[in-house]
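In the part that follows, the structures are each spelled out as structure tokens.
Look for chain A in each of the two complexes below; its partner is chain B in the first and chain C in the second.
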Partner chain A sequence: MSGQKKRSFLNEAFKHQVVFFQECVEKTWKILEHAIHEIYNHNLSSFSFEEVYRHAYNMVVHNFGEKLYSGLLTTMTYHVKEMFKLIEAAQGELFLEELNRNWAEHNKAVQMIRDILVYMDRNFIPSTPKTPVREFGLNLWMDVVIDASKTRSRLLDTLLELVHREMSGEVINRGLMRNIIKMLMDLGFTVYQDDFEKHFLKVSADF
Partner chain B sequence: MADSKVETISRLAQWRIENFGPCSYKKSDPFRLGIWNWHFSIEKNRYLYIRLFPEPSRVSKEQPPLARFVLRVSSPGPGPGRKPYISPVHERLLRTSEDFVWPVDSTFLGRFIIDVEFLDLKICPSNGGEASPVWPADGLMQSVSTQSTLRCLSRMLDEGIHADVTINTADGSLRAHKAILSATSPVFQSMFSHDLKEKESSIIHIVDMSLESCMALLSYLYGTIKQEDFWKHRLALLGAADKYDIADLKDACEESLLEDINSTNVLERLQDAWLYQLNKLKKGCLMYLFDFGKIYDVREEVSNFFRHADRELMTEMFQEVLTVWKPV
Partner chain C sequence: MTQNRPSWSIDPELDGIDLDPSDFAASVALKKVPNGDVFEASRAGDVDRLAYLLESGVNVNARDQWDSVALYYACLAGHLEAARMLLENGAICSEHTFDGDRCHYAALNLKVRKLLKAFEARPPPLNPLQAAMRETFLGCGANRAYLEQADDAHIEISGFQSNDGSSFNYFPPDVIFYVQGRAIEAHRVILSARSPFFRRKFATDWKHRKEVRFAREKLSYPALYSLIHFFYSDRLEVAVDDMEDVVRICKVCKCESLQRILEKELIHQKYADYKSLSEIDSSKKRFILQGLFLPEEDRLPASLHKILQVSLANSTRQPNLDNGVEELILCAGTMQINDLENDLADVCARVDKKNFRCHQVVLASRSEYFKARLSRMMDFHEGKDDTPIDTLPCLEEHDLSTEAFEKMIEYMYTDELKDIDPDQAGELFDAAARYLLFPLKRAVADVLLPHLEEASPAELCHWLQLSDMYDVPKIREFCLDTIACNFETFAEMSEFRAMLLTLPPPSGDSSFRTTVPSAPGAEVNTDQCNLLDDLREKWLEAEAAELDKRDESALIFDKRLEMLMVVAEREKSDGFANDGIPNGPRTSLYPYATTPMSSEQKHENVD
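Our next item is the complex of A and B:
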């Protein structure tokens, strides 16, 4: 008899839990969305990792992985597009600096987002054809920033100009150059080869 | 005879012979080293023949010693005396008195001392295979060290020795160590590495755990958990193991939950298995319900369960029914 009672109680409790979470899932997502914004705004120190992680965890465990993932994509895409506007607006040598600075910030943000949403990365994404967070971050940078119509040619021109200046004996910002080359390598070796190496070798031969 | 006694200490055995002259053969009393009783014997002929062998017994027959040792013959007492004779290092399987004999080309007479120092002693299995050391140096050391480490960890937790983080649970707080938490869970590791609140404040608010179950989690991480506490808190521990990515604890909880499935808890277990992606437990619950036909015992609850269960889970349950139910 008591077993019977307990059983129906547990089912009730379970039902409550599910219903409760469905009601607050919007609120949970809003908190997470806000956190992702603040990661890109470098303003996360007032956030508790445990809290943000718990919200993300609960969304995945209660079957809202899809919502979390698509929300993340939208929010990240927004920020990378904002970054692109800054990069695009930068003139002359500032272009490389802006590109480098935003790339570093984007990377840092992706790393933090991945750590906070690692449960989604491990337990939700593998059962779907979706791209893991880190890879998505790279692809996004590639699509929004590098593949934008003018970036490639601007990047190539600026880099080659730097190379040219150095060959003529000028002192250039080698650290910046190294970071940009590293970015191209991180995005995939073919990117580096197509965008830079071929042209560099050609220009060097001409020199 | 007084001088047939052999003294031993550690891995060294020493036979002090008081008077060896008129008789040409002498055998020592047995002495114990490792798992065997040993004898020395000396025989005077053209040479002085020294033998070392285990006492004939079941042990020495079935588990004969494989020994690495050095022998030494010397004169007793201070003074210039005679230079001792030292054997090379021998490595022998010793079964009988014929297996090892060391002829010493010398004229030791009267009083002298024979030493044997065992560098290593192994048990040779009679059916072949690898010999096992009789002094399990590494294993013993390891278990001593493990024991003392566990005691230290236990004190660190109980007495809060250099504790550097406070955990606020739903109903009370605990002190722990960032290093231990980070070493056992990648989630805690990230928590303390990013510039978020916890890194600065060293306070974690774990609002979804009770004080007691959080204490059980910590005692698991510090290696001091008791079986009864594990049993009592295993559902909370399962949740925490899943949330903080502690794989071995998750496995232990799953194993434990598999052990006592019954008709009052099977649906709940199935739900948990689904929630935390525990395939073995899920399979166990489905077998319990369908292969063993216990679903008829929980009919009422099942209809209630179906109202809220995940669609995919129901699909799996239906598949299981189809597999089991083969109309003739």
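Our next item is the complex of A and C:
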């Protein structure tokens, strides 16, 4: 009988926990949102991995995965748009450098976000027709930065100009060039082909 | 078969062969061997007996007095189902091994060969612990590089996808060996756990060394590689030509049981040429050994268990940290470390003020959470503590009891779960989910299930909610079945009605409830099914009328649910008024005439 009592107490505690969580879900999301902002701002030292992970886990377990996911999309989109503004504003040579730097930062951030939200990535996303975090990061970059009407042609022109200068004997920043090409490859082989290889081969042939 | 026709020239023919489920059923009635051993059961194709033997943990790769393995008999007699069971339980069928080749040669027909081929391509059947440690070993760049190069030379170590995203499985090694100019990356704790030689060396000469270079000509790289791979995975894969070298290294490393087996096998291999069909074959002969051949105390789980015992003993001897005097005690802790028996712990998990000395490589290999956390130590707050260099890095874990954490790490080290109190199961489900230890969920479910037979209806409601939340299908199914079969008993309980309120409402989607086949693609999310939808499904199975009346029965069920929820709402508002008072006579709570319906009555209603 005493065992019975203990169990029903457990049951109560469990219910209490669920109800309690429903009340503080907004607060939890605010913490997570803040953490995602801080990831993009390279300022994580005020966070504990365990704490952030636990909050994200709790949200998914208590059926707020949907909220977490949509919130994540909004926050990430916001940051990539900010990055895009910086890239767009950069002039001349700096354009590629800015692009490369932001791409690296975005990648790092996506990786970090994925680590924190790995529970969502593994348990919530596969059961819904949603895009996993990493893939979403790539798509987002593609949609916001590369597909913007000006970037595409500007990127191609800058790259081809670099190639041309190298061919005519100038020293160029090869590391930068390699990183940008790698970015195109990461975004998908067809992106690389359409945005660079075709034009590159044509120009090379002309040369 | 002609002598100069290599055996695999028929491989293209295999492509045209499909294995249907019907192939696995015997075409003729098979002999039963109720008292047979694994060899007799395989030869007779007695799958019931075989299933029993496999369940009881028989070594599927053992040879009988004729040097034959059970799989050989199953292939020879063409018992596909028996062969598949053996393969699924880890029977070795790799080509270029003595046993594997015999199975291939003996296969009665092409279907059997197709089956063998299919299993050869799979990753080796290892337990979760061994599989995870093997991934970590092969996640290290140098180790993988050798494997890929060996792959080209057709001495493949089966079933490792190298394009699996190297960063994903990577956990940095803490020691690198150089033999004949090539590197093997490893983790101290694993080597120490498996070999007294390495334990001594890491405690003395090699204590602070990140690299160890072996200059001796005689030490063979492939042999050492195979042995270290064995230390991680309990699976030795070695070219027969290298076996003598492995024996020599075993002697130095004091891996006595392994050494004995290999010495015996060497003698066997000497005569094996006469026994296998001779073939023109340039590829190297291989030998594969599963950990099952070793006595239990020499296998990976037992070895890690020993290390864990030492670490846990050391953990309790460390003072429990009190936040106020933390620094002072930390100093005391460092002084003490030298006195402790060397457990090679390199990380400390703090749960509810108790410290657990642990090993990063084990935590990281078993749990993606710990892997991410450990590799991100520097980025986050935890890494910024300015603790003295000598102390272990500390991971703080919240919302978890020390008991549950201890059970969990015990499972992480050993794949075993002992003495679980059913009351603990809920917390362990939470831990398994949070730390992404999916096999642990199954293990806890197995322990819990027998207890549920005697559980009260209220408890079952509790477990149903938990298992739905943490996605434990086994428990969820059991609870749903029980509730569906005794629906009226549950309907009378306030706990059950209260639970109904907390669940998401059943989907209005009629595809779930009708017998009309659902549109293609409609059932995308089978994982996250609605509990009440599933309950209705189960209830219909148990209680519903004939097929054409099924929809009407479903409607009745939905009405009944709605009614119960109204009652629950009412109870809830009443409950706030007189909280804590046990449920009085229930009849007063029924606003409607909800006399329990038997199946007959329901049918009347439908008519």
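We adopt the following convention: the second predicted complex is superposed on the first by the 197 of 207 C-alpha atoms of A that agree within 3 Å, B and C clash if a C-alpha of one lies under 4 Å from a C-alpha of the other, contacts with A are read in each partner's own complex, and residues count from 1 in each chain.
Everything that follows uses one rule, which is that a contact is a pair of C-beta atoms (placed from the backbone, for glycine too) under 8 Å apart; a residue touches a chain by one contact, two chains touch by 3 or more.
Just so it is clear, the structure is predicted and the values come from calculations on it, not from any experiment.
Chemist: Fit or clash for chain B plus chain C once both are placed on chain A?
Modeler: clash
Chemist: Considering only the touch criterion stated at the top, classify A:R54 as touching first (chain B), second (chain C), both, or neither.
Modeler: both
Chemist: Touching A:M112 in the superposition: chain B (first), chain C (second), both, neither?
Modeler: Both partners, chain B and chain C.
Chemist: Which of the two partners, first being chain B and second being chain C, lies in contact with A:P126: first, second, both, or neither?
Modeler: After superposition on chain A, A:P126 lies in contact with chain C alone.
Chemist: Just checking: does A:A148 make contact with chain B only, chain C only, both, or neither of them? Give me first, second, both or neither.
Modeler: Touch partners of A:A148: none, neither chain B nor chain C.
Chemist: After lining up the shared chain so the two structures overlap, which partner does A:M177 touch, if you call chain B first and chain C second: first, second, both or neither?
Modeler: Neither partner.
Chemist: What is the shared patch of chain A, the residues that chain B and chain C both contact?
Modeler: Correct list for chain A: 6-8, 10-11, 14-15, 18, 44-51, 53-54, 57, 61, 63, 112, 115-116, 118-119, 122-123.
Chemist: Which residues of chain C touch chain A in their complex?
Modeler: Going by the criterion above, the answer is residues 368-369, 372-373, 376-377, 379-382, 384, 395-399, 423, 426, 430, 433-434, 436, 456, 458-459, 461-462, 465-466, 469-471, 495, 502, 504, 524-525, 527-528.
Chemist: Which stretch or stretches of chain A touch chain B in the complex?
Modeler: Residue positions touching the partner: 3, 6-8, 10-11, 14-15, 18, 44-54, 57, 61, 63, 112, 115-116, 118-119, 122-123.
Chemist: Which of the residues in chain B end up touching chain A in this complex?
Modeler: These residues of chain B touch chain A: 186-187, 190-191, 193-198, 200, 204-208, 242-243, 245, 264, 267-268, 271, 275-277, 298, 301, 304-305, 308, 310.
Chemist: Please give the residue numbers of chain A that touch chain C in the complex, ascending.
Modeler: The touching residues are 4, 6-8, 10-11, 14-15, 18, 44-51, 53-54, 57, 61-63, 112, 115-116, 118-119, 122-123, 126-129.
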